[in-house]
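Right, one structure below, let's go through it.
So that you can tell them apart, the chains are marked A, B and C in the order they are listed, and the count of residues begins at 1 in each.
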Amino acid sequence: MRAPRSFTVFVGLYLLFLYAPVMLLPIFAFNDSAVIAFPLKGFTFGWFAGLANESTLFVALKNSLIVAVSSAVLSTCLGVLAARAAARYEFFGKKPIMSFLMLPLVLPEIIVGVSLLIVLVQLGLDLNVWTVILGHVLVCMPFSIAILLSAFNNMDRFLEEASLDLGATRRETFFRVILPLVMPGLMSSLLIGFTISLDEFIIAFFLTGTEPTLPVYIWSQLRFPSKLPGVMALGFIMLILSLVLLTAGEYFRNKSAALAAHENKQ
Amino acid sequence: MAQPVSEKPMVEIKSVVKAFGEVKAVNGVDAVIKEGEFFSLLGPSGCGKTTLLRLIAGFEHPDTGEIVIAGSSMENVEPNHRPTNMVFQSYAIFPHLNVEENVAYGLKKQGLSKADLKAKVNEMLNLVDLKGYNKRPAYALSGGQRQRVALARALIMKPKVLLLDEPLSALDKKLREQMQVELRSLQRTVGITFILVTHDQEEALTMSDRIAVMFDGQITQLASPQELYRRPKNQRIASFIGVMNFVEGQLLDIGNDALKVEAGPIGTVSIKPNQMPIALPTGAVTIGIRPEMLTILFNDSDKAEIEIKGEVVETSYYGDMTYYSVRIDQIAKPVTVSMRNTSGRKVLDIGEKARIGLGAESLVLLG
Amino acid sequence: MQNFPGLFSSMAMMFDRESRAGLKLVSTPFGFSLLLLAAPLLMMLLLSFWTQDYLVLDRTLTLDNYREIGSHPVYALLLKRSLTISLIVTLVTVLLAFPMAYYISFYGGKRKALWLFLITIPFWTSYLLRIFLWKIILGYNGVLNSTLQGLSIIDEPLTFILYNANAVVIALAHAWAPFAILPIFVALEKIDRSLLEAARDLGDGAVRRFFRVTLPLAMPGIVAAALIIFIPTIGDYVTPKLVGGTDGLMIANMIQVQFSKANNAPLGAALAVTAMIVVGLFALTFVLLNRRWLRRQA
């Protein structure tokens, strides 16, 4: 089916619109000029090299990694519990409970950040990576639940009963049957959680104390013109890394779908 | 070699009731299943047969009543501790394991040596005709192959009772008929008690030693296939199993061991019921007769104990049989008569007059 | 009497075996959410009724903060602007996203997955950087102006595209694009193509087919997209701060000020609560109106 000419033109322009900011990243990351503006001055790897000297960058990176990994793991664990409950059991208050767990999806992040900040201050607690992790887990959990719910629903529930019937305990059933079959969903959840946390700014901004995450670091750099090309280089690196992670996530998601398709083949 | 079924009870179901919400799926069931027998639970969907099977397996627990297996009460006993194993309707083959890993699944815990395990798995695969399929991945199996893997996986555990939940419903007709024969001979070889759930009455009749017909959560009749077919207790069972013709009649008299019934064009006959009624039932009764018990008397010289006249309104040709629909005076619905298409036998046309012959002893009183 | 057995049996079901098992499992994540979402939200509500003088917190309950919000026009202005910007962003994003989603769904053929992948690539960069890059594009000496001047389309650089609400709208319409395209795409995919063929068979032209079949059936996706965009946009902080100048600042910026420089957390909380209520009301009205529109269509 061929699209009308005007339609194709629109799509082309829209794609240009979508890619506009992103295309600038590699352009100015390699541009031999301290000013982010046209015309271009020449090719250089210098900005990338310069990043190596930014010690605060590496601290922020370390913090971000700690936060992202912890958030991904925690939200996946909580997601597994919630998704398993929702997929397998009918329980009292199921709809309101599940809706509440998904609520952070539609709450502005500033609300989440502010309310957590209030509680932490009232309790007199310090702000550090852990406070950021708590906020991120709240925000990542709905995604984990959605992904894992799909994985659990795709699993034939009679497989569990078959395992029990053959003598396995519930615990053995979980590790020998359930876990292997939802593993792709688990991996997907971990990856999504990781990427969301890595890029999350607002909650980190409110809840980070003296240990900034990468986005908070970037924010602080944006007001210094001299730092900008370095930021471009950093952004480019992050883009490439995100692409790699995204492709991996897609791979696992497809594997999960293929496994489900085979399961359903009679 | 048919093994004689022992009289020892293997599974005892005592007044079991199981409700889901307000619906009583199993509404007071009592039955005794004997050691070594091939027992079927037969009924339409929703009658509670699968629930009963799951109660025996331990996936559901009775609200009231008790289930006893091999002499031990199964109250609060989980499925993994019961001497039963189940073949699920969807087979539930573990998709991430291959054939031999599936079959060996239940034995992993027993700490057998690798050689022992392999030997047992191969023995089982031989038994179900899947020799050499060890390394085949689960997703590469056909429906029939999955079923055999499910069987092997369950039988390798040496259960006292094998439970089968509609195991043949997913297979096509030819395969199903083949598997019916195979399952029956497998059961005889292994000698274990089989309990099969099915909605297909042909299947139940072919394979079982005894059948329990279930309607609305209760067992309506428990008997051998022959008994069930020839002497069904009521109309519902009679029409569920095979085809049955119904004739309305009047009860005239109760004798010592037989009832005298006046049945329209059939005349007055003496029928031995399943059990003698204690009191005089309301005058009207229903009599049943199977299509194959009726014969078309083609020649004037053909005689029968009872003869009635009718007119052919429909014929259905099945290759080996022809089914006639014959309208008979005083009988509401046309009567079905089945005749084998032996060589030389005439086939009647629609509209032709026919003489139907039958014997009094093939009549069944249906209440 | 008919209701009685029903009531008892549903109460029994409340805590039967299955229910207990499910509740046990879900208790940990639910507890976590209660502790870290419900409790803080309630705390925020409570805080909005307290007052703060520099660093001293006065815990007497009072409506002073809300009175302050009601009496000073600046807050109402910010709220109104935030709402307007959110509405415009939602509208623009959805309007632009719909044709894109339509294109992929109806003309994508075997490459639909690839198209979706292409759509999402630009968004795997830091959100901060993307907004910042819009600043570079829309600036006085920015990419857009340089290009347009270079192509002789304009003589003087455009000034209305940066450091005001327009810039905020442009940047956010970009940022939310995939969040609109995907739900609309999913809804469009679900439409049974044979319905459209039947409509054509019955004489409807392409435009009528669109409005009578495609659009109503795609509506759930459109509504989902609108809600995903509208509610969080009102609370956006980064975009107005980076490209909004003074005319494009939104309520989130004011809230952040209360929690930092202005040292008036209770007022910040009150602002947040007010914003949430307004957003909630809007979202609810939208959903109800939409349901009525759909019912009338049927």
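To be clear about the criterion, contacts are C-beta pairs under 8 Å (C-beta built on N, C-alpha and C of every residue); 3 or more make two chains touch, one makes a residue touch a chain.
Here the structure is a predicted model, which means the values were calculated and not measured.
In this assembly, C is the chain whose CA centroid lies farthest from the centroid of subunit B. Closest chain to the protein centre (all Cα atoms averaged), using per-chain Cα means: A.
Distance from the subunit A centre to the subunit B centre is 56 Å, each centre being the mean of its Cα atoms.
If you average the Cα atoms of subunit A and of subunit C, the two centres end up 18 Å apart.
Centroids built from CA atoms put subunit C at 60 Å from subunit B. Shared interface positions of subunit A, i.e. residues touching 2 or more other chains, are not present.
Taken residue by residue, subunit C touches two or more other chains at 13, whereas all remaining positions touch fewer.
Subunit C makes touch with subunit A in their complex at residues 13-15, 18-23, 25-26, 28-30, 32-33, 36-41, 43-44, 47, 96, 99-100, 103, 106-107, 109, 117-122, 124-130, 132-134, 136-137, 139, 141-143, 146-147, 174, 177, 227-228, 231-238, 242, 252, 255-256, 259, 265, 268-269, 272, 275-276, 279. Against subunit B, the residues of subunit A that register as touching in their complex are 156, 158-159, 161-169, 172, 176-177, 180-181, 259, 262-263, 265-266. On the side of subunit B, the complex with subunit A involves touching residues 57, 59, 78-80, 84-86, 88-90, 92, 94-96, 105-106, 109, 138-139, 143, 146, 153-154, 157, 170. Across the complex, subunit A meets subunit C through its residues 1-3, 7, 10-11, 14-15, 17-22, 24-25, 28, 36-39, 78-79, 81-82, 84-86, 88-94, 97, 100-101, 103-112, 114-119, 121-122, 134-135, 137-138, 141, 145, 195, 199, 201-202, 205-206, 214-215, 218-219, 222, 231, 235, 238-239, 242-243, 246, 250.
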